[in-house]
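One chain, subunit A, appears in both complexes that follow, with subunit B as partner in the first and subunit C in the second.
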Partner chain A sequence: MEMVVVAPPAPGRLEDLKRRFFATPLQALLSLISLAIMVFVVWKLLNWAVFSAVFTTSGGPEACQAAAGACWSVIAARWRIILFGLYPFEEQWRSALACVVVVVMTVLSCIPAFWTGRRIALVWGAGAALYYVLMKGGVLGLAYVGEEAWGGLALTLFIFVTTCLIGFPLAICLALLRRSELPWISRTTGLVIDGVRSLPLISILFTFAIVLPFALPQWLQGDKLYRVILGSALFFSAYQAEIVRGGMQGVPAGQEEAAMALGMSYWQRIGLIVLPQAMRNALPATINQFVISFKETSLVVIVGFFEILASGNAAYGTGEWRFAYVEVYAFIAFIYFIFVFSLSRYGAFLERRMAVGER
Partner chain B sequence: MVSLLRNQKVRNALLQVLYVGSLAAMVLACVMIARRNLAAQGITSGFDFLFKSTGWDVNFSLLPATANDPYWWYFLIGIINTLFLGSTGLLMATVVGTIVGLARTSSNELARLLGRTYVDIFRNIPLILQVFFWYAVITHLPTPRAAHQGLGMLLTSRGLYVPVPNVGNLAMVATAVALIAAVVLPVWLGRTARLSRPVGERLGIQVAGAAAALVCAAIILAVGRLPDLPLVDFPALQGLNLRGGLRIPPEFSALAIAIAIYGGSYIAEIVRGGFKSVGKGQMEAAQSLGLSPWRIFTLVRLPLALRAMLPILANQYVWLMKATTMGIAVGFTDFFMIVALTINHSGQTLEAIGILMAGFLAINLSLAAVFNRINRAIALKGNQLRG
Partner chain C sequence: MIAGNSTKSGGPAVRLENLDKYYGTFRALRNVNLSVERGEKIVVCGPSGSGKSTMIRCINRLEQHNGGRITVLGAELNDDVGNIDGIRREVGMVFQHFNLFPHMTVLENCMLAPMIVRKQPRAEAEVRARRYLEKVRIPEQAMKFPGQLSGGQQQRVAIARALCMQPQIMLFDEPTSALDPEMISEVLDVMVTLASEGMTMICVTHEMGFARRVADRVVFMDAGEIVEEAPPEEFFSASRNERTQRFLSQVLGH
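And now, the complex of A and B:
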């Protein structure tokens, strides 16, 4: 919640205030209504979340329940299960470190210096490998922890990163296939893309998690986690492919023709001329797609994964903290908010930055 | 052979056959394996199961449903539930989105700030988290004995109980139609009479239209009334339970509220974009013609903005319609949950997945068709100047 700071009416400022908020009776009414809503909400929220809230675990759930405000002690008591799920207690530093790795990787790929195909692939490849080693262990003296014990924020981030890592190259392939000059290849790919796009993500996750084992030979089934990631990557790539294709359509035809005239091969044309320009065109929409798919990782809770939402449900669900569901959801919402909001702010910044070149 | 491969045409044809063939082979192999695995479990493939009775119940249905009903009836119930939840959610989201979007484009700084805060908060929290949150809030409401009361409604952990008129089903539908007509008719009459009649007369026609529709509604209610019962059935506490009224289950309300709030924040951005795209010159021209602020809004800004935002809005509606599948998270029997339950109970996996895909394809295509029509109707005709 943003705080509204109303400056004290200094002489001279009064005129300004009047002009800005009370120019006409209608404006004045609008200002007063908005101000009333803001003051009411901010006051209620502050009162609940800060002034009458309980922050320590010393009183236990009973003292907390009696308080008028929020009971943040549930977070103090259960934050580990929310963030790390069922990961072994002594090893949870690894889970935390893995989360840091993902954050660092995301921040690095936001820096323009890393925006070449090779560097970005290197950062994400290395990051994902580091994450995997940290979480799974079994090497370098780290104890082995199977995927079934992964959970909480760490699992959410893992699903997000692998979805993008698999989905992005797949999206470029799909976009190229759909742009193909061979009619049957482009038509079939179009059918696949549009088919996936018309389905809800939940039904795809459900199919991959629960139905696919029936339809695959034993040796191809793999772990449920990886099947779900594949499903979510397929969904991501169907949407991203259309974004990439849109970006390619924004590249003037003359560019490719000039490359052809220089005698460049198909892959040289695509890799050196078309894709770099197309990705630039598609960048704002791509960031938006990342934001959406980060939010959509939360859907895996439906096919039975212990990601941050499910671990939150577990954190308040049993026994003594049952009353504190609002606090737990607020905490999870806050975590999502931090990730998603900063990503989308970054997207808006990029859009402004790119608009500079087109002025 | 090698020279044949060097031929561009042959190579292209071969590539296409290879690509389409391998995709088709993959799908076919999956289906074959699935059929064999299912047959090993004693499940015969085919659509015969549609006519068998299900043996399980749905917790929400607008149509009469018992465990003896066949599967096809349950699929129908699921589709209707999805459409009902979707349209309720869309309607509410549109109202929320329009209000917030207008606040975001308003000339008042405080209203803009309020709108932006709303959008920033609710757009950045996953929908399913909001669904869980509202579901938890509603199911933690007081028990029927200590229900919140107001306006004849009861708010309890078992859902919202609202008063309903004691009339037959058919009369209920007819009344709803008449009430919708009471809103739509004046607007339509106003539009058709706009050019040919003076303002005063037009208003008279509109009022007459609305009144006629309302009278129709009243007559239908009076005729369709169930004998020996009060006209309105108020929910009331009876012993430990609640009697009467219509119960809106917490699953439905949680989903509808979450879709309204989350969808509203997206629609607000679309509304804002639409209004932003209306050229400043249009408004200045309208002002210089001496139109009142209200008429500038309804006659100039709104139609132009609507035209700009409709295609994006259509996409958003399709997305929100698909979001109803989150019903399965809280146990609302929407179309997808019916499919999932069917797979669990009957094992007819492939058929159920096929029906799921066909159902969503049909929903999406019909939504797209409706919006394309609206879009064509309001699109600029001919080669007028734009901008």
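And now, the complex of A and C:
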């Protein structure tokens, strides 16, 4: 049946503005004051960042410091340190390529067409191998670069992606174990989750990087970088496990019963019926957790890794660019913003896509 | 396994012997005995909390019984997962709240279990799913999601989904209780058709008209016990049991 939609009469733009912001003299006054403040702030900011700013390195640091606006020359001069850290200068194209690999791999696995076990495995397997070969070298004529020299954006991305890659499946395992009908399994898992969550991330990173080598035999230790990633994955999974569990609680019991009644096995029920619906419930909190984890990668600096924030420190910290720290941090903030913002937008896309199945 | 030898072995489709079920200290089923022959249609009724749903949920192990024996198609239900899954493959169930999978289309709902449990090829599963959707009279809704359908339509999809597994026995757990009155008959019509084709059916329902029309026997339960078991004409007109009479006056009285 055709519904007749009658739209309410739309007020003109001007009418609308008047009604919203200038209804009474006091409201008009407040509106004008707010507008003036906004214009002033935006003008100041633009003036600093664009109109009076210096963009080229030609004048050197001195000319740049003398300018009234921002000194973006520091980025032009030092962007390589920010993005690649201590990675050998002539080899930095490899680090750049590795960043591209991680981004491409992440973007591909965000596309619904790639959501089959084989394709995801292929993308991640090939991506991880490519990243590792590019960064570490030692084969195919690439010079060897040890993990201790990795840094900047490439390191941040690597730590973030591997943390999620290890942490997410671990989180699902923990959530399932915590739901176990056997009390000794669910209680122990609960204890582990709550234990990890009650520790600060810094102490976990510190333990994995510095203390663990004393406790483990040599052959089990691996490089410090991988121990740190393991620690941060454990931390991630403890939080994410609770998010997944919360999502599962939102799936009506009848769903699993219906699957049981059809003769589906435990793993079929979990994988095809419960988890897909649970992940839909848990999506907003999951994106939130990803965002937090991305920013928390900056904590690895305390165990001696030069991820992007620490590399930024190094970029202005020595000698002539010492005054330009605001510009460096603004640049890094911009990079963080790009990644985190796209993550949030992707989350919104997923929610819209999943909403198709409802109502 | 069960599918293979069940057709050969005779005996009843379902036999419950001295069935007991506790929730904590509450005794939900007391010494229940019931035998259902192949092709028989049983309607189970009784006041709420009388153990009707618990009883049929024990038959496919959605509830675990605490005492007595359950034999389904000649195989005794035990703790072995393979045995339970084997029985569930042969026993379809329809729930009060439909329990369709909301993240899959109607067609996918019907194809999933045949493909992953019965290992049918996709094409075959789709042909069969469409055939059963035709049978429950909603072939045109195949590509929609459950949330886009009315309650009556969802329940008919749920029946089609269960039938796609080609079960030998169908359990109905209050299939019309959650439906608006005008949708009840479309679901009952499908059930009547199914009954006329010789399906073994155990239905927990308050639809006494359906019971009169379809049931071979009506089972009346109260407080976890089977109080009375009789053919419908006898049950509705000649019952002398006081508890049965009180129940009937309540459901038929208005």
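Going forward, the second predicted complex is superposed on the first by the 317 of 359 C-alpha atoms of A that agree within 3 Å, B and C clash if a C-alpha of one lies under 4 Å from a C-alpha of the other, contacts with A are read in each partner's own complex, and residues count from 1 in each chain.
Convention: a contact is a pair of C-beta atoms (placed from the backbone, for glycine too) under 8 Å apart; a residue touches a chain by one contact, two chains touch by 3 or more.
As the structure is a prediction and not an experimental result, all values here were calculated from the model.
When the two structures are aligned on the shared chain, A:277 is found in touch with subunit C, with no touch to subunit B.
Once chain A of one complex is fitted onto chain A of the other, the partner contacts of A:313 are limited to subunit B, with no touch recorded for subunit C.
In the superposed model, A:200 lies in contact with subunit B only, and not with subunit C. Touching more residues of subunit A than its counterpart among subunit B and subunit C is B.
In the superposition on chain A, A:263 makes contact with subunit C only, not with subunit B.
Of the two partner chains placed around the shared chain by superposition, neither subunit B nor subunit C is touched by A:355.
Applying the stated contact rule after C-alpha superposition, one finds that A:126 touches neither subunit B nor subunit C. After overlaying the two complexes on the shared chain, residue contacts for A:34 are found with subunit B alone; subunit C is out of touch.
Only residues 1-2, 4, 20-21, 27, 30-31, 33-35, 37-38, 177, 182-185, 188, 192, 195, 198-203, 206-207, 210-211, 214-217, 295-296, 298-299, 301-302, 309, 313, 323, 325-326, 329, 332-333, 336-337, 340-341, 344 of subunit A touch subunit B when the two sit together in their complex. Residues 12, 15-17, 19-20, 23, 30-31, 33-34, 37-38, 103, 106-111, 113-114, 117, 120-121, 123-129, 132-133, 136-137, 140, 322-323, 325-326, 328-329, 336, 339-340, 343, 349, 353, 356-357, 360-361, 364 of subunit B touch subunit A in their complex. Across the complex, subunit C meets subunit A through its residues 60-62, 81, 85-86, 88-89, 91-93, 95, 97, 99-104, 112-113, 116-117, 145, 147-148, 158, 161-162, 165.
Against subunit C, the residues of subunit A that register as touching in their complex are 252, 254-255, 257-265, 268, 272-273, 276-277, 280, 354, 356-359.
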